[in-house]
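Written out below as structure tokens is the structure these notes cover.
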Amino acid sequence: MITFNRRKALALMGGTVAASGLAAPALAANKKIKVGALRFTSHSGSFIALERGYFADAGLDVEFEFFQAAQPMAVAIASGDVDYAVTAISGGLISLADKGAIKVIGGALQEEGGIDGQKYLISDAAYQAGIKTLKDLDGRKYAVTQAGSSFHYMGSKMAEAEGITLQFTPLQKVGAIIGAMKSGQVDGWSIVPHIAKPLAAAGAWHMVANVSDYIPNYQVTTVFTSAKNAAEERGQTEAFLNGFKRGVDDYAAAMIDGTADQDAMVELIHKYVYTDRPLEKAAPSIINGTMRLSTGAALNVASVQDQLSWFQSEGLVDSDITLDTLVDSSYVETTGA
Amino acid sequence: MDIRLDGIGHAYDDFEVMRDIDLEIPTGQIVCIVGPSGCGKSTLLRFIGGLEQPKKGRVLQVGAPPAGCLNPLTYIFQDFALLPWRTVWGNISLVLEDHGIRGAAAKDIIDDVLARTKLSDFAEALPKQLSGGMKQRVAIARALAVKPAVMLMDEPLSALDSQTRELLMDDLVDLWTRQPFTAVYVTHNLAEAVRLGHKVVVLSRRPGQIREVVTIDKPLAAREFSDPDLDRYQKDLWHLMREEARAADAELIHV
Amino acid sequence: MSESSAKPVSFRGGGFAPRSVRWIGVTVFVALILIAEWGTRSGWISALTLPKPSDVLDTFRELYESGLLFKHLGPSLSRLIVGAAIGASVGISVGVLIGLFSYIRSGLVPLVAAIFPIPKIALLPLFVIWFGIGEGSKYALIAFGTFTPTVVATYGAVDNVDRTLIRMGQSFGLSWWSIVRKIVLPGAMPGILSGLRISLAIAIILLVAAEMLGAQYGIGAYILEAGSLYDLERLFAGVLILSLLGVIVSAVIGLIERRLLRWRI
């Protein structure tokens, strides 16, 4: 079914105009742009693209703006302080899209069978008290950073599948959640493997399931930009995506497919991630944190739609918002549609 | 009950402010203490009241306080020291409460002292509603309520204007005439001293010593405003004090 | 002197005595809200910058009609009341002790000065470990935040109690406890109450921080959720509730002041 609304029409028109512009050598070289990033391995696509000169090849002079959390990054995109960024789909992101401020233009981190993904956890205290499976978490405290965060989504999808109810407990920061899990003040959580595994080994919690078992093909993070960039700066946006895609390819080749030198890649990523630790200590975490970044920044729109619908069903975002409001699908290949 | 001062001396660190003061305060008399500023009159009064301790000498109570006396040595302050959050009634009941006097017993006492100080109509007033003279009457009523053996009055009229001062002096004379009380009355005002004092003690400037004790025999009730006899006393006292006052005035403040 | 050289002395007093003019405050409020409404409706202020005041009001109405308002307000009020009551009562007690005893003063004044500037929010994780993520840490945070300003206000107020009144009490042979209860405490009351004004405002500020961790319901949690969802209408509705709470607390203290401090000029 095709819903053809005004926004879509505008996007199409914008697309046409930009496409016609592309025929000419699009961009003056070294156009300065700002890319928002968190110091996580999942942001490696951008790091590699900059380090290996892929952005420069695309005619972009990229400067990173580092953030502590995804939320302020989304706001920085909306305010125009940052041009492009990669982050999880959150309620805040959808609200900003609804206000006409931002657009999702591509996919990044994706759960994929066969590659270690995010884990559901049960705290050791709860485990010792007899909570051995996710089903046993019924009525228990489940940690999230904030209402409407990706943790909230993952917990909620799991609860729905298990037919249980959870007490979602907002703790703002991952660090605070880890503390609360260790001290047994919350009972369940989900997190990326490189955080989940070492502390599971240390006995702080137990990994009981994979997120991908409950949410197949979960599009965890997406590439997004301001609505203005998506509509009016088509050349620049495509240039950014081109650089980013090459970075993603290199990442997959080195870290997943084993067709390139992994050590060199780890060393490169270490320039941005775990910089406070020496390389030999950071390397295992970087390798453990390996996840699939969508090739060609392909976007799983089915997953995005599922997430959007969940936010709407929880009353966290306006129920009138359509996928087209959130996503500009004219840039990358979409899957699952 | 009499009060006897026995060789009182005092110093702040090495700075001597008072020396060898011997004085007898007999029952039923008002003893006025006058002196130039800084001679330690108020300090002497605090020694008598037990609010401060002299370095040398002793303050003695001679004989037992009269029956029913709740607070033998009772102060009246220059700035009245009324609790602003209590009514006239409440300010007086304050000093009775700690002696376990409440209810009807307190009412009898308070009604009596309010009547004696002509304050019966103001029982429910707050201090802020009263003039300075009225406030000091409340303070006097409060002092009377504890049936003191000796009233220690520290410049009680100094904060008042001269007309009010005259009125209050009349009131004090009336009070004494109806029921003689013992008082030590510190003042820098010679007119007050000769009007109210049976004895006037003149202190010298620092270190404070007794210069002279003047006895005024004329009965209190017979003394009047600008009484020629009193004027003579006042003039004599002024002669005694003039040089001291001048020197005291020229002195550097030491504390 | 001749009449011609006489002229009236020009008036040069006056001024420097601001008084509050009725309705001006309300007018300023209304004017600002109208400007915001007009600006957002005409598009001169973008939806990203400021929500429509009428939408905020709608959100507030929905919140009220759905009963969620009281579901949020209930826990917040109980946290505020319990936390502030603990903080203020301990603060007043410690403040009075500091005001009365040399050793306690020497021991505690530097300590209070040291903990006063600590942003209490920074200690939240610590409180969570000490008191758990339940109500305990929330009470503790609010109590701790109200404690320090109350202590400082209280011992300042005790210091300012007229010493002659205390001497008067002693001269009438009042017991130590009577002097504290009947002279020191009422005398310090104006200072304590104006200190409470500040500490209760701080308590409301800290409510949002306290509800950062592990609160499913509460005005602070509601505001934080709205913030993370970038839902400006809800954000402003929540802020509106906090403001109203502040106005109510201030009015209640004003009422207490008028009752307890009738004696002041």
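The letters A, B and C name the chains in turn, as written, and every chain counts its residues from 1.
Following the convention adopted for this analysis, a residue touches a chain if its C-beta (ideal position, glycine included) is under 8 Å from a C-beta of that chain, and two chains touch if they have at least 3 such contacts.
The shown structure was predicted, so the numbers you read here are calculated from the model rather than taken from an experiment.
K.L.:
More contacting C-beta pairs: B-C or A-C?
P.N.:
A-C
K.L.:
Taking every chain's C-alpha mean, which one sits closest to the mean of all protein C-alpha atoms?
P.N.:
Smallest offset from the overall C-alpha mean is found for C.
K.L.:
I'd like the Å distance between the centres of subunit A and subunit B, where a centre is the mean of that chain's Cα atoms.
P.N.:
So the centroids are 86 Å from each other.
K.L.:
With chain centres taken as the means of their Cα atoms, state the distance from subunit A to subunit C in Å.
P.N.:
41
K.L.:
Find the geometric centre of each of subunit B and subunit C from their Cα atoms only, then give the gap between the two centres in Å, rounded to an integer.
P.N.:
47
K.L.:
Which positions of subunit B touch subunit C when the two form their complex?
P.N.:
49, 51, 70-71, 73-75, 77, 79, 81, 83-86, 94-95, 97-98, 126-128, 142, 146, 152
K.L.:
Touching residues of subunit C toward subunit B in the complex: what are they?
P.N.:
Residues in contact with subunit B: 162, 164-165, 167-168, 170-175, 178, 182-183, 186-187, 189, 261-265.
K.L.:
In the complex formed with subunit A, which residues of subunit C make contact?
P.N.:
47-48, 125, 128-129, 132-133, 212-216, 221, 224-225, 228-231
K.L.:
What residues of subunit A sit close enough to touch subunit C in their complex?
P.N.:
71, 74-75, 78-79, 90-92, 95-96, 99-101, 141, 146-149, 167-172, 175-176, 179-180, 183, 185-186, 316-317
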